[in-house]
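Both of the next two complexes hold subunit A, though its partner changes from subunit B to subunit C.
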Partner chain A sequence: MTPEEAAEWVSRESSRCMFCGFCEAACPTLPLGPHRAYGPRGRVYLAGLAARRGELGAEGAAGIYSCLLCAACVERCPARIDIPGLVRAARMLLAEGYARAPGMVPVRVL
Partner chain B sequence: MPPRASRSAVLRALREALGPGKVVEDEEIVRLYSREPEGLEAPERPWAVVFPEEPRDVSAVARLAYKLEFPIYPQGSTTSLSGSAYPLEGGVVVSMERLRRIRSVSLVDSSVWVEAGVRIDDLNLELARRGYMFPVDPASSAVATVGGAINSGAGGMRGAKYGTMRDWVLGLHAVLVDEEGTTMFLGCRTLKCRQGYDLVRLIVGSEGTLALVPDAYLKITPLPENIVTAVAFYRSLGDLMETVVDIKARGIQPYIMEFMGENSVKLAASYARAPIEAEGSMLLVSVDVNREATERVLGELSGIMGSRALRVYTARSLEEAEEKKLFQVRRGLFPAQVEHARRTLGKDRVLVIIEDIAVPPSRLVEAVELIREASERLGFSVAVGGHVGDGNLHPAIGVDPEDPEMTRRAREWFTEVMRIAIKLGGTVSAEHGIGTLKREGLRMELEANNALKALDIMRAIKRAFDPKGLLNPGKVV
Partner chain C sequence: MASVRAVLEFLADSTLKTGLPVPVPMEEVYSWAIPLGLPRSGRVHLYTGALYQLMPYIERLGRYLESLEGSRSAAAILRLARALIAAPRFTRTLLSPEPQALERPRAILSRIARFLGAAGYYVAYPYEGDLYSGVLLYDMGLDDAFAEVASRVYRVLKEAGAEEIVTVDPHTTHVMRSVYPKYVDGYDLEVRNYLEVLAEAVDSGRVRLRPRVREVVIHDPCFYARYEGIIEEPRRILRAAGVEVREPRRSGRMTYCCGGPVESISPRLASKIAETRLSELREESKTVVVMCPICYANLSRANRLGLRIIDIAEAFDVEV
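Take a look at the complex of A and B:
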């Protein structure tokens, strides 16, 4: 999958979120983080933002990278959104420099 | 009202008062606190989200809001479905999520002292270890917070037996938006309390428009010894409702009494993959019993429910009900509504609009019929379900948010359902609240009751608590 294709998928998949928040109940990182970006509801929204804008701030990127990919949230999601898939794809977009984030060096230039 | 002080002055003052890490102004993070389900989005982005960690932080924010004149919006987990929590006029969101300590539990006093950000299910986990529970159980209880439930006056499946938040809040700390950010303890720590006018019940359900509530004393109750359950399917809604009447007439007081219309059952059954033959309308009844009474009550219940039903499934305990997946169809309702909307609209992005009316249970059949007619007329496939024990209905439709014509029809549907509730002697909101979505509904209901003056009284109360109108402006009244 090219970054462009991944971005398109992230944008579409994240747009299915209704923001009900049910996923947050199962997330092990949310209670330890400073705000909603450390939970699935926040990550889904931020992944979509990164794909659409082609950039993400440091706080948002930290939220995306705080995910353990445990997938506990998936069972809770009434829309059955592929939340771990979104997080992985968002990390790929950040790592490849498709979406820029402060402090992140795209792997391609290494 | 436009804020007086500049954004930078407000943020500086907040950072100084609260200390590091409690004021977040990152635009992307602020966006996460600017939205609610039902497609609600802040028309004007707030300046920051603040995260009080101590009750005194809440007071500091209230004092600064008064001094510098900026609006503040208290938030729990924003699951009320009424538009009561999202910001409207910029300002600052006050997220209570870091106030999440259970301060004390007293079985002798039948009370628990909890902070606003504690989730209801987390509280119940703690209480269950002691054989107790907090019985108000909104559908979102896994994430809904105590503070959010207080603000929205939440109810739930057990409402017919246990009532709503207003029946379970003994006392609370109320923080006023005034010169001092005054913090008062209102109500009592005792079960009985006659403290002049009942300001606690005024604040419960006020949707964060009167005072900020950092913590509260809640009443708790022992867990039932055992719970029996029966699920039955009926060819017609009339048969189902007559069964409800029979159950009530026999003096059985259900713990849970849920119903789902034919459309909802079909949707949810295909989604839930439960090993039960689901067809027609469904009635689910649980009754709490002493262990010794299990067989007698379940026998009586299944006898009544079976007399008109296509089929009945029963369970002697909650464990057995889970094994037999008796709650699965009911639990599958919301996911099924989402999936149904996606399929019928052929879109990835859909909105599921959930109504929240209540009618006297004796008028439920009429209500469901009128809602079906109205939905058909407006071109929606409606899924009806709700808490039949207290007449609370949650009809839902799927909407394509990018279709302006459909969005307009959905608004009409929303208003029409409220009209039906009023016509049948019911109310426009049973447990979700007024927020921004039902302000017109509230006016309609009061007008129908010849009580429009109540709106003036409510506005006067709002001014008495919050003279500058800075606390969650644009909501309720």
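Take a look at the complex of A and C:
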């Protein structure tokens, strides 16, 4: 998949999110992180931003890289959105330079 | 913290140049198989993807990089990667994993090969060709590097005559079965996991097992339970061996991650998640059975509760 194809898929898949937040209760990193980018709902939104705007903030990048890809969130998602797939694709967009992050703050743990 | 980009470049560089994410001499990967005399070519290959063998190194590397956290260390990490790729023997000196930590995975793999033999599943082994699958590169979105690694691994296995591979850990199983087909043209390897092979042999009565522990609490790895649907097989095997299997609050498809996958990005986050999981597991038994070398390493590292953590292959023996 080229970065352009990945971005198109990310844009489509992430737009299926209704922000219900059921996924958040299952996430191991969210209760330890400083904000919602450390949880699935935030990551879905950020992946969409990386695809549509081609840019992520430093805190957003930390959220994307702190994901375990454990897929616990998927079990709770009423729309069965491929959340780990979105996170992985966002990493790919960053690695390929399709999306830029001005840097990344250290992953923080509360 | 150590720059994420630098850590990723370390892993990608090493995998592309040496076939392994941490540069060590290849004997470290295949030495376990020499005493068993597994043949080099055959239709069915045991493919470990080196994850069990390398976990002691990956874990020490994580701690080493953690010790660099707080300093501006990206350039230092890259220099280190280049030096170790040029002289892989030095990795052992630098990271000095415990001899016991290196011995344990070898014993586990040797047990697995013997289980397969007892099940009438005689496997070949690719020795120098038992390269790392590149799964971490895939997880981190390094698709170009991953695609190159995947093509090489596939070519090496095909040259050894493999039509089917038997995998031994969840991450390698998932990547070989569900990801490689999307990245390697003409990919046609059949992928079976050893727990699937063994569960089938136990069910059909071809193999009889006996317990080495009385009771365990089972920790499902995310990639078996949620990605590959391997949930019942380990339970059937343990029960057939006479091991009492206790379920933690979150198990099967609803299992809770050990925290290990984020170890190379934030060791502290990984440890905190492991502590949460260990306290759940402790409610059911003092002996925890795991099925993944990453779970083993991460839970063991955070184990301040005095739990006994064992691999599923250490929980039973084959009756002869």
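Here is the rule we go by: the second predicted complex is superposed on the first by the 103 of 110 C-alpha atoms of A that agree within 3 Å, B and C clash if a C-alpha of one lies under 4 Å from a C-alpha of the other, contacts with A are read in each partner's own complex, and residues count from 1 in each chain.
Going forward, contacts are C-beta pairs under 8 Å (C-beta built on N, C-alpha and C of every residue); 3 or more make two chains touch, one makes a residue touch a chain.
In this text the structure is predicted, and so the values were computed from the model without any measurement.
Visitor: Could you classify subunit B and subunit C on subunit A, in the superposed arrangement, as clash or fit?
Guide: Aligned through their shared chain, the two binders fit side by side on subunit A.
Visitor: Based on the superposed arrangement, let me know which partner A:Pro106 touches: subunit B (first), subunit C (second), both, or neither?
Guide: In the superposition, A:Pro106 contacts subunit C only.
Visitor: Counting only touches as set out at the top, which of subunit B and subunit C does A:Ser15 meet: first, second, both, neither?
Guide: The first partner, subunit B, only.
Visitor: Please indicate which partner A:Arg41 is in contact with in the superposed arrangement: first for subunit B, second for subunit C, both, or neither.
Guide: first
Visitor: For A:Ala79, is the partner it touches subunit B (first), subunit C (second), both, or none of the two (neither)?
Guide: first
Visitor: Just subunit B (first), just subunit C (second), both, or neither: which does A:Gly60 touch?
Guide: In the superposed model, A:Gly60 contacts subunit B only, not subunit C.
Visitor: With the two structures laid over each other on chain A, which partner does A:Ala71 touch: subunit B (first), subunit C (second), both, or neither?
Guide: It touches subunit C, and subunit B stays clear.
Visitor: Return first, second, both or neither, reflecting whether A:Met1 touches subunit B, subunit C, both chains, or no partner chain.
Guide: second
Visitor: Nearest CA pair across subunit B and subunit C in the overlay: distance in Å?
Guide: Across the overlay, subunit B reaches subunit C at a minimum of 10 Å between C-alpha atoms.
Visitor: Share the list of subunit A residues that count as touching for subunit B in one structure and for subunit C in the other.
Guide: Subunit A residues touching both partners: 26.
Visitor: Can you list the residues on subunit B that touch subunit A in the complex?
Guide: Listed in rising order, the residues of subunit B that touch subunit A are 21, 24, 26-29, 31-33, 35-39, 49, 51, 77-79, 95, 97, 100, 119, 121, 140, 142-143, 334-335, 337-339, 342, 348-352.
Visitor: For subunit A, which residues count as touching subunit C in their complex?
Guide: These residues of subunit A touch subunit C: 1, 26, 28-29, 32-33, 61, 65-72, 74-75, 88-96, 104, 106-107, 109.
Visitor: Contact residues on subunit C for subunit A in the complex?
Guide: My answer: residues 1, 3-4, 8, 69, 138-144, 222, 226-227, 253-257, 259-262, 265-266, 268-269, 272-273, 276.
Visitor: Provide the residue numbers of subunit A that touch subunit B in the complex, in ascending order.
Guide: 12-13, 15-16, 18-22, 24-26, 31, 34-37, 41-42, 45-46, 49, 56-57, 59-60, 76, 78-80
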